[in-house]
Amino acid sequence: MAENNVDYSAKIRGVVAQDLLSGRIDLLLGWEKGHYWWQSRPLFARDQADLERLAWDSFCAVNLSRYLVDELKENKKVGVLLKGCDARALNRLVQDNMVPRERVIAYGLPCPGMLNYAALLEAAAGRKPDGIAEENGQVTVRGGGVELTVPRDRVLLDKCRHCLYPNPVHCDQLLLTPVGERQAPERFSAVQERESLSSDARFAYWEKQLERCLRCYACRQACPYCSCRECFVEQEQPRWLSKASQPSENFMFHLIRAYHGAGRCIDCGECQRACPVGIPLQELNRKLIKDINELYGHYEAGLDPGQEPPLLTYRPDDPAAFSEK
Amino acid sequence: MIKSIKKEHLAHLWERLASNGPLYLPVKEGPALLFKPWREGAAVDLETVSSTVSPKEVFLPRDEVYMQFSRAGQKLELHPAVQEPAGRLIAFGLRSCDLRAVELLDMVFCRKEPVDEPYAARRENTTLVALACGEPDPFCFCTAFGVDPVNAPGADVQAWWNRDDLVLEAETARGEALFTLAGELLAERNAVDRPERPATTDFSLPLEGLPKRLKERFDDPAWGRLYRSCIGCGACTYVCPTCHCFDVQDFGHHARGQRFRCWDSCMYKEFTVMAGGHNPRLTRKERVRQRFLHKLQYFPENYGVYACVGCGRCLRSCPVNLDVVQAIRALGGETVEQR
Amino acid sequence: MSSVNPLLPYQVRLLDLITETPDIKTLRVAGGNGVPFDFRPGQCAMLSLPPVGEALFSITSSPTCTDCLEFSIKQVGSVSSALHALSPGSELGLRGPYGNGFPVEDLKGKDLLFIGGGIGLAPLRSLINYCLAHRADYGKVDIVYGARSPADLIQRVEINERWPAEPDAAVHLTVDAESPGWHGHVGFVPAYVSELAIAPENRVAVTCGPPVMIKFVLKALEELGFTPEQVITTLEMRMKCGVGKCGRCNIGSVYVCKDGPVFTLAQLKNLPPEY
């Protein structure tokens, strides 16, 4: 994608500029470059000068749909650039009545997967990379006078490795050509590995992972399904959760959050990407997705806004493990 | 006094130093690098320049019980929590930016009355070993704040790499006591030149006179744009070496329990909300402004120095790349925006 | 180095619990030797009731009252609710005093105008009783006090009997709306202040109450000719430590817990409007 970044960005800019300048939308949510070539951060564009900074490259990982909840309080109509995962996030927010769909113009961006700076560093084998070029599923990392080429799959963000829906669904306008099906590895492999452990070993594994949780709640704040106006974490009367960073409290937070996402998590992986200490939160989410699939039949959250999440509907033949016991 | 140890013998050194009390050093846990007490098998990493989370937790733990309570009928007993017999703490491998941050925390907790006894006790009881930086991380900009990456004032021992040797120079009596504890594991060494000061970016930040300009720009519309990307998590505050806000909570039931303090973040909306519901810092805009002004205006007004050390942790960890450099660039200049 | 953790409370006993209004009670507490610390009017203290927590309240008794500390507390949060539910004889935790308090030295020789609304009388009461106890040091005392209804007025013995009986003192009571049995003034506090038109010469106004009341009282005082240096108010913020370290009660570089809660209007005008 890199060699065409400039063209793509210009093409996107051209389309959204028309809508922004004509007043069809009051605000465009997109991305602009950060301090570094490997950072693209949210852009809140209101005029042509803002749009000049719009960038679409392999580092636009931030899911912008979550910003709609707040921005629609101040703007009548908001345009938003959405990757495959972001588009399903929007569908979820619409299903939860957090975002009125008619006040959003969703511009779809087929996504080849976003790149991981840490993986690029590793690929640079000790040299300091100062840029990349991309061609035919290969990424060339430049640095220290040397160029090293690696398959794109090797340097993807964790959250993109198992992507099943790189092309945005239910958008108002698709801005670029759809990308082809990706050969994604089986996404439940880590879950199956954990399931094969004894419960003691599984507990030890999670205790070790969750021990480093800072309780910064970046996972929750980045998450498109965590849209409760007041989270149980902050409720004081009664207080469900202590701020002590004890194993019991860390487990309580992450498990309640994962269960709350059952059938609603779109597996976008923003939680794991946002986590400053790298807790593999997608494993927890995928365990719930796998269980839901096994108990209620295959369900992909956010894919079809007309199809209610299984735990928000009732069917007489739903499994009733609790009442049977 | 200068001594050294070969890289391959460091595991022995860790074991020795940990025999006398907790030895905190940078340990790899998953993809994160954290200051943790050394344990057999810990993945110590002295190469990576800055830890994911700053070493402030050595002195200001994420949570810390300081009171026990018990109640029988109308009688209430309140006791200071019994501190675990810690022995002497050693914090090994702090970088120059981390040391400067400890100095800033000292200003708040030790030098301003009343002295914060739990912090001061831990601080008093800790030997600090600073490690000079070789190649800086791309996120580093400590030189902008006058930090010298290879020389950390305030350290008890200054260490640096000389090829595969870790060279250590004792700067204080505590440092010499650490040499005594290490004993024969450290070899005598003639004076070795300290490493060259590496080049870091300083982002050409307009720091001269910044607090005054920020004060004038409190109502600047630029704040209204800067905060928008903030998602309201506390990642920046928790990885930051100088953020030190805390909360006090009780844990337990009517008859018995504990009171502890724990990290808290000015980025959370609950941070300032009052019992009746009024919140003086109601939106993310006020909260983002508070965090950056605390570092760049309020702390300098109260203590005469910036509360940023250029460690770059917020540049690395913010999920949406909203960091202190971006704030200084957006609001550090002369122009007050009219909009 | 101090060896005492400044966050550690100690036990005191609840002597009595007086119901002032449907949602305000006055707690009278004392340690083994009565009042456990020296303090100035306008200072605060942290009351603890584990495992519910602790919260900061202004001390409503005057330092001249030596048998106990008094706190008038409105039931709004979990700690205040738990304090309201205590029975006399119960023990609770206390630490303090915190904050700067009122500038009692600077006020000497001045006429005083106190303006309180609802629970906002609590910090003022400490200063009023202090000034009345040192009567010769202070000039005329006017007290304007209002609440939503007659049932919401606190310290009724003092506002109706004791204070009006003091030499050179007047109490002007008001309630927001007409009420059966109420023959006094009706109307909001700021309007009453304008109506009374108390002259600003050699006078200092001290006000405390709900934010909206303070806002309009400040405006009324300005119209009467009070300068920002002649107006004193107290602020309230969420606090945890009380000693300027936990980081939540700052307004700009000022910490309300230790640099406040008492500010002149001139000082407030120099601070960001974040309170």
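The chains carry the letters A, B and C, assigned in the order they are written, with residues numbered from 1 in each.
The rule is simple: contacts are C-beta pairs under 8 Å (C-beta built on N, C-alpha and C of every residue); 3 or more make two chains touch, one makes a residue touch a chain.
In this text the structure is predicted, and so the values were computed from the model without any measurement.
Centroid analysis (C-alpha atoms only) places C farthest from subunit A. By C-beta contact pairs, the most connected chain pair is B-C. Annotation: 30 Å between the Cα-based centres of subunit A and subunit B.
With centres set at the average Cα position, the gap from subunit A to subunit C is 51 Å.
Each chain gets one centre point, the mean of its Cα atoms, and the points for subunit B and subunit C are 39 Å apart.
Among the residues of subunit C, those in touch with two or more other chains are 77-78.
Across the assembly, subunit B contributes 247, 249, 251, 264 as residues in contact with two or more other chains. Touching of two or more other chains is recorded for no residue of subunit A. Across the interface of their complex, subunit B is touched by residues 34-36, 39-42, 44, 62, 66-67, 71, 118, 128, 208-209, 211-212, 214-218, 220-222, 234, 242-246, 270, 273-274, 276-280 of subunit A.
Against subunit C, in their complex, subunit B makes its touches with residues 66-67, 69, 71, 74-78, 80, 108-110, 112, 114-118, 120-121, 124, 215, 218, 244-254, 257, 259, 261, 264, 266, 271-276, 278, 280-281, 286, 290, 293-294, 297-299, 301-302. Contact residues on subunit C toward subunit B in their complex (touch as defined above): 1-11, 48, 50-55, 76-80, 87, 89-93, 211, 236-238, 240-241, 243-253, 272, 274-275. Interface residues of subunit B facing subunit A in the complex, by the touch rule stated above, are 29-32, 34, 52-53, 62-63, 135, 138, 203, 225, 228-229, 231-235, 237-239, 247, 249, 251, 260, 262-265, 268, 270, 315, 317, 319-323, 325-326.
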